[in-house]
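Each chain carries a letter (A, B and C) given by its place in the written order, and its residues are counted from 1.
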C-alpha cells in the first residue's frame, strides 16, 4: 500500500479521534468569530421587533432532544426578544418529546427575564413572567397536520386545557383569542416534516404569516417556500440561531458554538481534500 | 362488512373533507370541527398500541431469557418509573400535577435529553467519516456536488478574507437560485405524489392500510 | 459559572455519565452503550404514556365525560357523544387479535378518510399550484444581470430558477425517452439537482457537527463546576465517574482479549 492508498483508507476511528480533539481544543480555547446576518433571518427578527406591546406570537416547539442543539438556541433567542418587547407568546408542541423541551425553555426564560438586561443599547428591567398572562403553553397532541387544522378553527378543539391542565377560557391571555386570526405570526421551530405541515395546513389554509426555524439537515430544503412568499423568514441550523442571537444582541450557545463549528468544518474539508488527493494520484499512477 | 364497509367509510369521509374545503358553509364547518375533535381521541388510543407492543417484546425477552434480556429489565424499569412519577407517585391520576413532579422532570432533563441528544451527535462522526470516504471527484456531477457542499461549509469562514466574502455571496446565490430550483422540483413532485396516493386511498385503489384478511 | 446545588450537580453528573456511555459506542458497541440505549427507550415510552394521558385522554376525553357515571358508560354525561370516538379508539386494540383484527379497520378507515381528504386540496394548492405560480413569474429582462452575476433577484436568476425547475422535473419524467434535446434538458436537470443535494449535504454536515458541539458544551460546563466547586465534593464525583468508565471499559477489553486468546488456543 503506497502513501496515496493510505490517504484514502485511514481507519475511521482516526477520523473520529481527530474530529473530537479539534472540537474539544477549540472549545477550551476562547475566541469568537464574526457572524454575518442574512436576509431570511433578518426578516424574522424585524417582524418580531416591529410588533407592538401585548401582540401575540405563536411559537411551535416541534422538536425532540435530538435537535435541541440547533433549535433550543433559536427558541431562547426569539422568546427572550419577544418577552423583552412585552409581546405575549403561545407555545405549542407537536413533537413527542417536545413538551419537556418547551417546559424547560419556559422555566429558563422565566429566570432570565427576572434580570435587568441591555440589548442593542436599550435597557430592559427585569420582570416576572406569569403563566396565562404573558404566555400560555398549550401542550402536546399527536397527528400534527390535523392539530394544525383544528387550531385554525379554534384552539379549544385540540387543546381544551393548557399543558398544566387549566381550561383555556380561564387563562387571561386566551380571552378573545379564538384561532390564528388573533395571533400576529407563527414561528415554527421544527425538526422534521411538521414544518411542511405548517406550510401546507397552517399558512396554506388559514393564511397566518409563518416563519420557520429548522435543523441544518432541512436548512436548504425550504427556500422555495420563501421565494413563493408562503413563509416570511427562515433560520437554518446553528448558523441561523447564531444570526438571531447576533441581531438581538443576546449572545448565547449558538454564537459560542459557531467557533467550534468553524474548526470542525475545516478539519472535515481537509479530510475530504486528503481523500481526493489520494484518489486522484492513485488513479494517475494506475493509468501510468 | 369486513372489507367493504371500511372502503365505503374512507370514500365518504374523504370526499366530504375535499368538498368541505371548497364549500366552507357553517354546517359543513360544524361537522368538520366535530370530526377533527374526534380524530385526536381515536389517534391516542392507536398510539397506545405502540407502548403495549414495547412492553410485550421486553416481557417476552425476559421470560424466555433471550440474548441481552437483562437490558429489557432496564427498559421496563425506565418505563415503570416514568409512569409512576408522571402520576405523582399514584396520587394524581386525573390532574396534570404529575407533569410538575420533580423526579418526572429530572428524568426527562438528565436522562432522556442527554441520551437522545448524544445518540444523534454520534452522527457528526459518521458524517465526517462518510464525507472523507465517499466524497470523491469521480465525475463531473460528483465534483459539482462536492463544490456546492464546500461552498456552503466555507461560507462563514473568517480566515478566507475577501475570498470569504465572495464565498458568502456565492453560498447565498447558490441557496436562493439553483438549490431553490432543485428543491422546488422535488416539492412539486412530492405534492403530486401525496395527492395521487390520497386519491388512490379515497377511491379504494390503494388498500394496504386494511392489512391482510 | 453559576453556583449549582449538590442535587443539581448529581443530576448533571448522571447526564454527563450517560453522555459518555453513548460516546463509548464510537470505540465499539459495549455494555455501557447498551445500558443507556435501553434506558432511554423505556424512559421515552413512559414519558409518552404520561403526556398522552395528561395532555391527551384527560382533557379531550375524561374531562368532557366526567359529569357522567362509569357504570352507565358515561352515557348520562352532558356530552355523551364523546363515547363514540372512545369506542372507535378501543376498537383499534383488536389489531393484535387474528380473529378480531378486522374491527380495527373501521377507525383506521375513518382516520384515513379524514387525513387523505384534507390533504388533497391543500397539498395540491400549496405544494403544487403556488410553487408553479412563483416559477412562472415574469422574467425581468430590463435588469437581466441586476447587481451582478450573484444577484438572487435578477432576471438571470429568475430564468435559472424557471429552467432549473422545469428541467429537474423533466429528469424525473420517464414517459418520454431522454434523447436528443430532451437529453440536454434532463442533463441540465441533474446538474441543478446535484447542486441542490450538495447544498443539503453542506448544511447536513453543519447540522450534525452542531449536535456534537452542544454535547461538548454540556460536558464542558459540567467539568467547570466540578473544578470550581472542590469543597462540595463535586471534584471527587467527577474523577470517580471518569475513572469508573475508563476502568470498566479497560477491564471489559482485557476480558475480551483473554477470551479471544482462549478461543484461539
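Convention: a residue touches a chain if its C-beta (ideal position, glycine included) is under 8 Å from a C-beta of that chain, and two chains touch if they have at least 3 such contacts.
Quick caveat: nothing in here was measured; it's all calculated off a predicted structure.
Fewest steps needed to get from chain B to chain C, stepping only to touching chains, is 1. Seen from the C-alpha centroid of chain A, the farthest chain centroid is that of B. Chain centres here are Cα means. That of chain B falls 5 Å from that of chain C. Averaged C-alpha coordinates put the centre of chain A at 14 Å from the centre of chain C. Separating the CA-averaged centres of chain A and chain B is a span of 17 Å. With touch defined as above, residues shared between interfaces to two or more other chains in chain C number as follows: 26, 44, 47-48, 51-52, 54-56, 58, 60, 114, 118-119, 122-123, 126-127, 131, 161, 196, 199-200, 202-206, 208-209, 211-212, 214-215.
Of all residues in chain B, those touching 2 or more other chains are 21, 36-37, 39-40, 43-44, 47, 96, 99, 108-109, 112-113, 116-117, 119-121, 124-125, 128, 131, 146, 150, 152-153, 172, 175-176, 179-180, 183-184, 186-187, listed in ascending order. The multi-chain contact residues of chain A, meaning those touching 2 or more other chains, are 16, 20, 66-69, 97, 99-100, 141-143, 146, 149, 158, 161, 163, 165, 205, 220-221, 224, 227, 239, 264-265, 268. On the chain B side of its complex with chain C, the touching residues are 2-3, 5-7, 9-18, 20-22, 35-49, 51-52, 54, 58, 68, 71-72, 74-83, 86-87, 94, 96, 98-99, 104, 106-128, 131, 141, 144-153, 169-170, 172-192, 194-195, 197-199, 201-202, 209-211, 213. Taken in their complex, chain A has these residues touching chain B: 10, 12, 15-16, 19-20, 33-36, 38, 64-69, 97, 99-100, 103-104, 141-143, 146-147, 149-150, 153-154, 157-158, 161, 163-165, 205, 220-225, 227, 239, 258, 262, 264-269, 271-272, 274-276, 279-280. On the chain C side of its complex with chain A, the touching residues are 26-27, 44, 47-48, 51-52, 54-56, 58-60, 63-64, 114-115, 118-119, 122-123, 125-127, 130-131, 133-134, 161, 196, 199-200, 202-217, 220.
Residues of chain A touching chain C in their complex: 13, 16, 20, 23-24, 27-28, 66-70, 96-97, 99-100, 139-143, 145-146, 149, 158-161, 163, 165, 199-201, 203-205, 215-221, 224, 227-230, 236-239, 253, 256-257, 260-261, 264-265, 268. Residue ranges of chain B in contact with chain A, taken from their complex: 21, 29, 32-33, 36-37, 39-40, 43-44, 47, 95-97, 99-100, 105, 108-109, 112-113, 116-117, 119-121, 124-125, 128-129, 131-133, 135-138, 146, 150, 152-154, 156-158, 168, 172, 175-176, 179-180, 183-184, 186-187.
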